[in-house]
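Letters A, B and C mark the chains as written, and numbering starts fresh at 1 in each.
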Amino acid sequence: MEKVKQLFRPKPIVLSNGKQVQPKLNPMYYILPILVFITVYSMNITRFSFATLIARGEQFWIIVSRMIPPNFAYFSNVVNPLIATLMMSVVGTLVGVILALPMAYASSTTMNQSNVFRGITKAISSVLRTLPVLVLALIFRIIFGPGTFAGTVAIALFTFTIMTKMFFELIDTADLGPFEALLSSGANRIQAFWAAIMPQLWGQYYSLALYNFEMNIRNAAILGYVGAGGIGIILNERLAWRVYPDVGMILLVLMVTVLIIENISRTIRKKLL
Amino acid sequence: MMSKKKLTVQEVLENAPKSWPLKVAITLFFIIILMIANNYISYNGLTDTGVRVARNILRSIFSPNMDYLFNFSSRSAVPFLLLETTAIAFLGTIIGTVISIPIAFLSSRNIVPKWMASIGVSIIVVIRTFPAVVYGLMFIRVTGPGAFTGVLTLSVASIGMIAKLFIEVIEDLDPGIIEALDASGCNTIQKIQYGIIPQLLSNFASTAIYRFEINVKYATILGMVGAGGIGAPLIFAINAFRWSDVGALLIGLILLVLVIEAVSTKIRSKLATGE
Amino acid sequence: MIQFKDVTKTYPNGVSALRGITLDIEQGDFVAIIGLSGAGKSTLLRTINQMIKISTGTLLVNDIDVTSLKGKKLRRFRRDIGMVFQSFNLIKRTTVIKNVLAARVADMPFYKSMLGLYSKKDRMIALEALDKVGILEKTYTRADQLSGGQQQRVALARTLAQEPQIILADEPVASLDPVTSHQVMSDFVKVNKDLNITVIANMHHVDIALKYARRVIGIKEGLIVFDGPSSDINEDILTEIYGRQLSEDELMGEE
């Protein structure tokens, strides 16, 4: 890399008093061409086609226009799947964040001094975290059968992996002074963690939990595609049959729900921090 | 002279602030939610094939189909699929970023009048509420199944997050630098080039890279609804119980995400410290 | 009674913090340890409750060999020793009473401490401790809303809630202004006299150490160079302990 940089190094500027200043190579000179190259290569691989886009592009707007006005009569069909979706999110998030707490403790550098044990927990966490939520939902649907249970487990596991990472990073930033004080008074490490570290972090913990809940509503909404319950089932079905006004209704309900929950969540989170 | 009555321990004990109403309310709230949830979520036991499947999937990771995993020439083998997935994510991020730039500027309160910014922000919020899969299913009707659709979907889906983060950066711009350039006689283009762009560039780049990481995972999910990449083969292999193929695909996926996460984190930390 | 017999401590990086300490401290003593920063004061203090392990020698506290303590026995042992820190180490976003109650956690069964189920006895002990340091009126105030001196008194109350026999204080007033320092030190004296608790305090400020402690131990480069009543201290001895004249930094000033 250094040798390549040598080739492109701009000429040193010589000042009037003889001193030389070596200007830095503008990174744009090598980043931009690389980006362009990757873009073109990717367009090739994905068979990106402007022609198709232009030809078929208005289809998108035609579909959207068929969704408006939405079929309000369809609302009664949406209610139950919507509540199911919400319940999957609530329970899944709850289970996920609760289980993440001890796991975060085990992954924390300041709390868990055994490098080996910590390394193992972090490795398992990282691997599990790579699996997209829909993949998890598919696997659990096969294991537990179709329905909301599989979806809930998927969300719980997904949230568990994300929350573990977010939270152990938080634990590592906590002030260890009160922790040391509690250890010196005879408490064991877990008691000291609970009584001296957690009180510093509760607000942020709840805030992260709510943030995950917000994300999970969107996640739960699509799990129905693989049969794991919720609003995704009817969404996929109505789209397959191209009954767009119904789809519009589903999307409208989804949007309103997400907006309401996000607003409530945001207000609560502001108060927590 | 005011005489101060000395507090006794007894008094303090009796006057303790009551914290239990809030705790009771929250506990009740959760009990109600869980009771409702009970109606919608029920454990039906494992399916007949359930346990076997779980075991097979775990085992499959340790005995993957090596040909499938290491076949670098075929378009339908794992390496190409990973490449395709990455390409979808990359293009989706690039296009999404490019589109987000004007949208973000038009929605920033320090650039355009407040009413326009509000409209822009609202549009972005609406775009953001829909999960990417929804856009995917719609785009499939427009451009058919395949990687191209995946790119379009991610482009649109990325706008939500990217534009939102861009707006935060734009609204955080330090006007002092622009003022200084103004005072030294720069025209608008020079102000943009030397005053605004340097402040924005590293932040924008960091945001884009962060979104790229996320898009790789989304590209996989979109593949499962038919928009190209590793998702569709994965879903087919699982449904057909082709476990060694599943193992190969999962290993490929896990490695891909881990590598991209590592590279992305490294680049972003370099950006943050000023490369 | 605390007995050091030729105790040494060498850190893994080769630094010899204690090079042969022999010392007896009786129950009820009020001892101030003075010396340069890095002379070994902090290390000495922390060996007593095994926050730092000694390298060689014998350390007995009430006839218990400190080095042999592990696990549950160690924690039981630490219950009887309170520690007060220079930076108070309170949980900032929590109330005073909760901070003091944290001292009772070590003695509670696991599930109770997780759920915060303190007994009435626990609460009484906590409140009595707060009363003892004269800060009862702040019981339900958040810790970070208190001044430095008040926070240190809360910290002292926290150690009192352990019902300890010994209190170790690591530069307890180094972060406080002169007036507050004198108040806090008076609290220590009160606690020492009324409850017969042994107080061992590392002191950065020599004048305060001399004023409040009956007995002074001077440490220099890991060895004791003076051990006697505070009234016996004179300038020559101080110069020997510090290797130089005292700087302004080491004197707190008048109240």
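Note that a residue touches a chain if its C-beta (ideal position, glycine included) is under 8 Å from a C-beta of that chain, and two chains touch if they have at least 3 such contacts.
Treat the numbers as computed from the prediction; the structure is a model and nothing was measured.
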Measuring centre to centre, with centres taken as mean CA positions, what chain is farthest from subunit B? C
The chain pair with the larger count of contacting C-beta pairs, comparing A-C against A-B, is A-B
Most central chain by CA mean? A
Where the centres are mean C-alpha positions, what is the separation of subunit B from subunit C, in Å? 50
Euclidean distance of C-alpha centroids - subunit A vs subunit C, Å: 47
Distance from subunit B to subunit A - Cα centre to Cα centre, in angstrom: 5
Considering only the defined contacts, which subunit B positions touch subunit A in the complex? 30, 33-34, 36-37, 40-47, 49-51, 53-54, 57, 83-84, 86-88, 90-91, 94, 125-126, 129-131, 133-134, 137-139, 141-143, 146-148, 150-152, 217-218, 220-221, 224-225, 228, 231, 234-235, 238, 250, 253-254, 257-258, 261, 275
In the complex, subunit A touches subunit B at residues 27, 35, 38-39, 41-43, 45-49, 52-53, 56-57, 59-60, 63-64, 80, 83-84, 87-88, 90-91, 94, 126-127, 130-135, 138-139, 142-145, 147-149, 152, 218-219, 221-222, 225-226, 229, 232, 235-236, 239, 242, 251, 254-255, 258-259
Subunit B to subunit C touching residues, read off their complex: 7, 9, 12-13, 16-17
Can you tell me which positions in subunit C touch subunit B when the two form their complex? 97, 123-124, 127-128, 131, 136-137, 139-140
Which residues of subunit A touch subunit C in their complex? 175, 177-178, 180-188, 190-192, 194-196, 199-200, 203
